[in-house]
Amino acid sequence: MEYSKGIKAWRTIRSARCSPESLHEFCGVFGIFGDQRAAEKAYLGLYALQHRGQESAGIAASDGEKISIHKGMGLVWSVFAHPDVMPSLAGASAIAHNRYSTTGVSDLVNAQPLVVTIDGQSVAVAHNGNLVNSLSLRTMLEKAGSIFQTTTDSEIVLHLIARSQKASIEERIIEALSFIEGAYCFLFLTTSAIIAARDPYGFRPLCLGRLGSATTVASESCAFDIIGGDYIRTIDPGEIITIDTSGVSSRHLPAEERKALCIFEYIYFSRPDSLIFGEKVDKVRRRLGKRLALEAPADADIVIAVPDSANTAALGYAQASGLRFEIGLIRNHYVGRTFIAPHQRERDRDVRVKFNPVSGVLQNKRVVVVDDSIVRATTLRQLIRLIRSAGAAQIHVRVGSPPVRCPCFYGIDISTHGELIASSHSIEEIRRYLEADSLAYLSVEGMLDVTPHGDSHCTACFTGCYPTDIAENVSGGHCSMVHMSA
Amino acid sequence: MEYSKGIKAWRTIRSARCSPESLHEFCGVFGIFGDQRAAEKAYLGLYALQHRGQESAGIAASDGEKISIHKGMGLVWSVFAHPDVMPSLAGASAIAHNRYSTTGVSDLVNAQPLVVTIDGQSVAVAHNGNLVNSLSLRTMLEKAGSIFQTTTDSEIVLHLIARSQKASIEERIIEALSFIEGAYCFLFLTTSAIIAARDPYGFRPLCLGRLGSATTVASESCAFDIIGGDYIRTIDPGEIITIDTSGVSSRHLPAEERKALCIFEYIYFSRPDSLIFGEKVDKVRRRLGKRLALEAPADADIVIAVPDSANTAALGYAQASGLRFEIGLIRNHYVGRTFIAPHQRERDRDVRVKFNPVSGVLQNKRVVVVDDSIVRATTLRQLIRLIRSAGAAQIHVRVGSPPVRCPCFYGIDISTHGELIASSHSIEEIRRYLEADSLAYLSVEGMLDVTPHGDSHCTACFTGCYPTDIAENVSGGHCSMVHMSA
Amino acid sequence: MEYSKGIKAWRTIRSARCSPESLHEFCGVFGIFGDQRAAEKAYLGLYALQHRGQESAGIAASDGEKISIHKGMGLVWSVFAHPDVMPSLAGASAIAHNRYSTTGVSDLVNAQPLVVTIDGQSVAVAHNGNLVNSLSLRTMLEKAGSIFQTTTDSEIVLHLIARSQKASIEERIIEALSFIEGAYCFLFLTTSAIIAARDPYGFRPLCLGRLGSATTVASESCAFDIIGGDYIRTIDPGEIITIDTSGVSSRHLPAEERKALCIFEYIYFSRPDSLIFGEKVDKVRRRLGKRLALEAPADADIVIAVPDSANTAALGYAQASGLRFEIGLIRNHYVGRTFIAPHQRERDRDVRVKFNPVSGVLQNKRVVVVDDSIVRATTLRQLIRLIRSAGAAQIHVRVGSPPVRCPCFYGIDISTHGELIASSHSIEEIRRYLEADSLAYLSVEGMLDVTPHGDSHCTACFTGCYPTDIAENVSGGHCSMVHMSA
Amino acid sequence: MEYSKGIKAWRTIRSARCSPESLHEFCGVFGIFGDQRAAEKAYLGLYALQHRGQESAGIAASDGEKISIHKGMGLVWSVFAHPDVMPSLAGASAIAHNRYSTTGVSDLVNAQPLVVTIDGQSVAVAHNGNLVNSLSLRTMLEKAGSIFQTTTDSEIVLHLIARSQKASIEERIIEALSFIEGAYCFLFLTTSAIIAARDPYGFRPLCLGRLGSATTVASESCAFDIIGGDYIRTIDPGEIITIDTSGVSSRHLPAEERKALCIFEYIYFSRPDSLIFGEKVDKVRRRLGKRLALEAPADADIVIAVPDSANTAALGYAQASGLRFEIGLIRNHYVGRTFIAPHQRERDRDVRVKFNPVSGVLQNKRVVVVDDSIVRATTLRQLIRLIRSAGAAQIHVRVGSPPVRCPCFYGIDISTHGELIASSHSIEEIRRYLEADSLAYLSVEGMLDVTPHGDSHCTACFTGCYPTDIAENVSGGHCSMVHMSA
């Protein structure tokens, strides 16, 4: 599935709903405490987490006395390319952030980390996720005299911290978090500590690691690998970790009745070489592919993946089905803002710039095309045409997850019913739209059987069973909005 | 006097005292309401006011529904050079800001205008001046739970507005202004109005103008000239002007016992072709030069100016003395960040890059060198060496203002005693330092005789008589701190 | 094998030998005649050929009267990102060039296409390959009064064309080509035609294609696919194609006794989805992998590739061996100039930034690692360490080509014996250096058995049998320099 | 006169005649031999000569073994702003060039210095002036097989040098120079010497100077002042200076019957603080103003200049007439590419952005406005409107040179009759166009009386008496083309 990188296509859609409360954010966060080259490690951590956000990147570092910050629009390497930048980020602790979301030129104001002064103290914050009560909190805070300079959820939390009457910054943070609801992982950097918090539902992943004597936190474990560090454990839903010179301490927010670990992180979003929610992504993704082969076999010659996101599922499918795995689509990795002349705006061009079919592999073959998920189906439809034009005899689409029917309000950019082909079309209709010879999805049951946390996963995008109250986020729609914790 | 443009030299000094409360700001502001090309007019207005701030520039525009903003580091033309920028600033009202002050790479966060959401409403603000009670206000606001993202006085005022319980934004602004003390001109832009406010002392100039059916405000009248508009009047000390579709309305803050119009605006800071405080700068500056000739004649052949700031005073001196005016120093106007290799850091080089003496004019002549003011004297000392090396027989320095002895806390960047040669040296000592054959300053009395507002001027930098309480800003110093309004 | 993209690593080496005659160039060329949006097609063509050169890109377009040019350092998308660029390249014919080679800041002068005026006529040229007699030609031309502004072979040819006494530009080009020896594909653009020439040995690939009524040429057929065009045929060794409004005409340079199609294009350099030398790269690469499995089986559990270049060979190995293909290394595609702090220069860091092992796949497994070729072995050594640290029980390296023992003088950047581990080490020594459990290369015979052109391939880098006289290029070295055509 | 800096306005005109032979060039050149920081001195020299060319800048430096080069579009400071640039220009000798001339994006190819390899030797060249036989030379060279990569005269000379059969580079240069005719100052840099040559007519200025033990050359002496160096003498017409480790040696090209020192350098082009052709510019310019006052007195109250170019002439006029000199126009020096919206293209706006009248000076006054020269009169016409709108009672225009009636073919950008108002209008017609109360020019006789070299000056732009054969450059026109040397 290409949608997380189909920046251009999505931009159009996003700009239509860029009111503050609907600004969803894919993000990656990284933090390190106790390393003399904290910012350099943060840079590498961001680089490993680049897939979680390509629109802006930022690092805030503390030398124990003050907090320095640099952030910019663009890929990590370009934001930090100027030789003056890294030396300006001195200190032994740092937090960092990749963001995927933009609605225009001046959007740098929304880039993270955000650094503010609260009661004389500098605090930086980086946030991954999406609050579901941000609108009411923001209105309440504005009524009470808070001013907003960004449209990020992070600023809401900073205001709540600032208004807390508690003595320590840690207690203030805990009090602030008690007001918010939704999906979040927060990293706070003060001059003397890093505080990491994961929401009680556990929507987004957050891992604890180690590099020599330094302590690290990151959205995914691949950020530890790149710096040669070790993974220790997942940070629990509702857990708040404080890292300072006296070590790592932990406390917990009140538990929620249920957990809601985002199953889409396993299906598509995280890197296959990462370990999240305590399990390796690659293993889960392969099991999805194998299960798919059992549920939806195909009379075919070869199995190919939509690269790179569906590679592992396709390998699983091939293994379980006994069909040969092949590389039938080559992906062009020299990404960047592609020049598209006005008259070239046909989607056809777009997909050809990114993918080229390997006709030697495909010719006269009955091909199983494995994709990890289908959101809008527009790219897949073009891919199928490409594959067919390369000589494939039959094309059988197999999808490593159930139909995506409902929007996500927790940070994955699947936001309106209109965009989701499965919310308004039957599988047969989708097949016809795709011009595929057959189409099958993995079942919800099959998916839950092979994912490690069963009912503790959030499956709202497939089932409409939202683990939180989402009244604030919904303006109609025909999803069966079951509030599961009720 | 070169100091307002000696960016490099001052940066060193500034970086040593960049705590929030000492961040002084030279600035220019411009606003226009009721012109379909408001942002373009604002651009030209900023261009005319470029001398008031060269470090950053910004424009906020409103189309009646939302506020757009663009700002950046650098000269006006470069900040708005990208072809996408101006079209993005749609609407019939706009405010704009030039800023002179920077402490580093990430300083863009302090650039103005600042745009925030207050109780659901977008408000932009641009500010020229310096509050004297910003530290206590900020501390108070932080205690009450406000967070600060910048170190500007503007953000303080925005917090005060946000916390006001008044109904309308205008009443909120008036209430907020009642808390602050110091030198300020504020322009606020809402989606439906521009509100302009000048402090009750009247430190900084602010003019009201007209362009067709549109209403304009600006720090100096030269910003009206560039767009082909008309000057109407000066905005009074303590006056608050509201400009909206129903016209221009005015109200006043409680009056202060005294006025304190910055006399330095006439001496150096404003453009000679501007009209400020109701009087033409050029006229005042010429009278200063004439009076100087009467007070401090010289037995000399020619009169030259330190270009360009002292040109008018030198012409006045020449006229009153009967000596011939000559152009003895050529100034290089291709400014920009000059490359200076580490080993070239001698100040000698600096002055030669900016000025070249015209030896044909100077050779064997007894020369009166007129400068508008002396702050640190380092540049002037080098200029005198240059003039002497070009063959001048005698050099008589005449200064169109009294000795600058005390720091300014109202927005002019004369901040610490240490920088002010006259705060610790006698005139004879300064003459020896300058290696001049003679040196004379204008007297305070002479200056006040020829400036239009007499005792209503602030002369604190010459006399130490501060019109406001400055306890918060002072940490020692041997100036006689007389609080004149006491 | 990572070397074509290991820009940083190679730069060090290259800078040591940047005399004009040793400046080897990987390049991609593209041309189109008869399309109203020729430059846009050329842009896309370059994009598809980006793997052949990432250092500079350029397009020259003709509108029938004049030739416009734009070129710059960097990836295609960034060179042409400015909105003014593409509209400035008007016309129905264009040639384009990607270049991999740089020796410093001012290297833009060597970027291609090169545009010159020859006898009043504008001519642009783009060149892929490397002449072996450039030094003597250059010396001869300089003696005759030619001046050189670049260090490219292209400029040599332009001088030869200029000095020809023939009447037409086409005849001049043919005469010029008769002087040069080595590997080349040239595209010439005049205001009325495109002339494409391939050297008589046929070292580099060059394909002829069609897009509607327009005619296209490109290094690889993938450049036709991206614009939705068709592949017609390979341009023959020694063939000169003239494309103008009267159609496509062909003539031939005197034939060489032998052909010398670069076998490395099949092994590593071309894209797997391309068709070159009349055969699909993917097919050949897969056969190399299968043959490798037969020649060098391994007692192992899984087969993984060094992505992405060895993917196809690994699939072939897996298929022939019956072992399961797995994705054991994840490659980070967010390339760009990676920040590497001085103290981080250990190679370990480098490889971790680019690759992450999937431990779930590798743990306790006996792993066959297939690479396409080994040049210096440094990256592979680190990869093996990474794989082992991820838990692999055994690591068996299998290489889809014979040991690279001799430098290439025809445009592939394998230039000095010192860089080639196989030129001075036995296979067992290399295995120990790699810390692999076993190591096997494909045999020369095996390779030639499965590549389509048998003895018509150049295999000099493996065998030292150079098809041309290379006396000019060699300064010692212990390769057995057999001049095969002798 | 504003025209040399009215880049925008002229660009339109220039683009209409950008065939190679009409590409005139204003330029500044600088060279230094024997200073360990040669490039830094060259940078400062270029900075002082910035008025001679603002479109591109370049420095070539030699460390005795190789020549490094950096050049770019834009002002000096920006071209060399990147911190890596200056350190890359190592060596004790350097030549540098400022250029004013551009026809588009890709014009960097024409920027100077140009560096080429001639017979194995690197040679850099910087050139100020314009050849009158470039078209025939170029055609001849192209016929002989030379290729051209630029449209500069410099490249022609390099080809001639390359084709010379003489033994030493110096002899080759002399032979090459014997072929060319026109206005030129050339600086050549080899790895071991700088060779400076001035054409036998002496059109353009070239000065010899000294900095410690280093030898310097520059278009104007102000470039020596900025580095703290000394002026030695003017380089003679036809003189060739060789500077190497054995010192400075001189030889001469065959003399021309007459000299033709460009009188416009004194009138407008050179800086007033420079010494050129052996005389101080300021002195000459003042004499022009005094003579103008005698020839064309005015019944007026004050004298103002069109700043800055006419300042000195206006001072002279004031002195001789006894009228008071005033500053009546303020010029905005924050130049840069001014944003001009399409609908703002009226010239009115342009002039207001650059100049503001000082109404306090002008009101109710009878004003003499001194300009140095009138080319097209469009800017002056707007200035006069501005001055009148500021309240001037009468406006008397006095011009410090005769009417410009004929194009210049020697490097000053006065190229076609159509642009020259005086070529087709009487003085009374021009006065009416200007809307001035009176208008008077200096006479040719008066001008020659007060310029130092009398008949040795070129006055072709005023008289049509061209010192060289210009058949190649002329395509009609009603100037009386008298070839004076005939």
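Order as written gives the chain letters A, B, C and D; numbering starts at 1 within each chain.
Throughout what follows, a residue touches a chain if its C-beta (ideal position, glycine included) is under 8 Å from a C-beta of that chain, and two chains touch if they have at least 3 such contacts.
Worth saying up front: this structure is predicted, and the values here are computed from it rather than measured.
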| item | value |
| --- | --- |
| Between chain A and chain C, the fewest steps along chains that touch one another | 1 |
| Chain separated most widely from chain C, comparing mean CA positions | B |
| Separation of mean Cα positions, chain D and chain C [Å, integer] | 48 |
| Between chain B and chain C, centroid-to-centroid distance (C-alpha), Å | 61 |
| Of all residues in chain D, the ones touching two or more other chains | none |
| Chain-to-chain touches, reported pairwise for every pair that qualifies | A-B, A-C, B-D, C-D |
| Complex contact set, residues of chain B against chain A | 68-70, 84-85, 88, 104-106, 114-120, 139, 142-149, 158-159, 161-164 |
| Complex interface listing, chain C residues touching chain A | 37, 40, 43-44, 47-48, 50-51, 54, 75-78, 80-81, 86, 222, 225-228, 271-273, 280, 282-283, 286, 308, 311-312, 315, 319, 324-327, 330, 332-339, 341, 343-344, 348-349, 352-353, 356-361 |
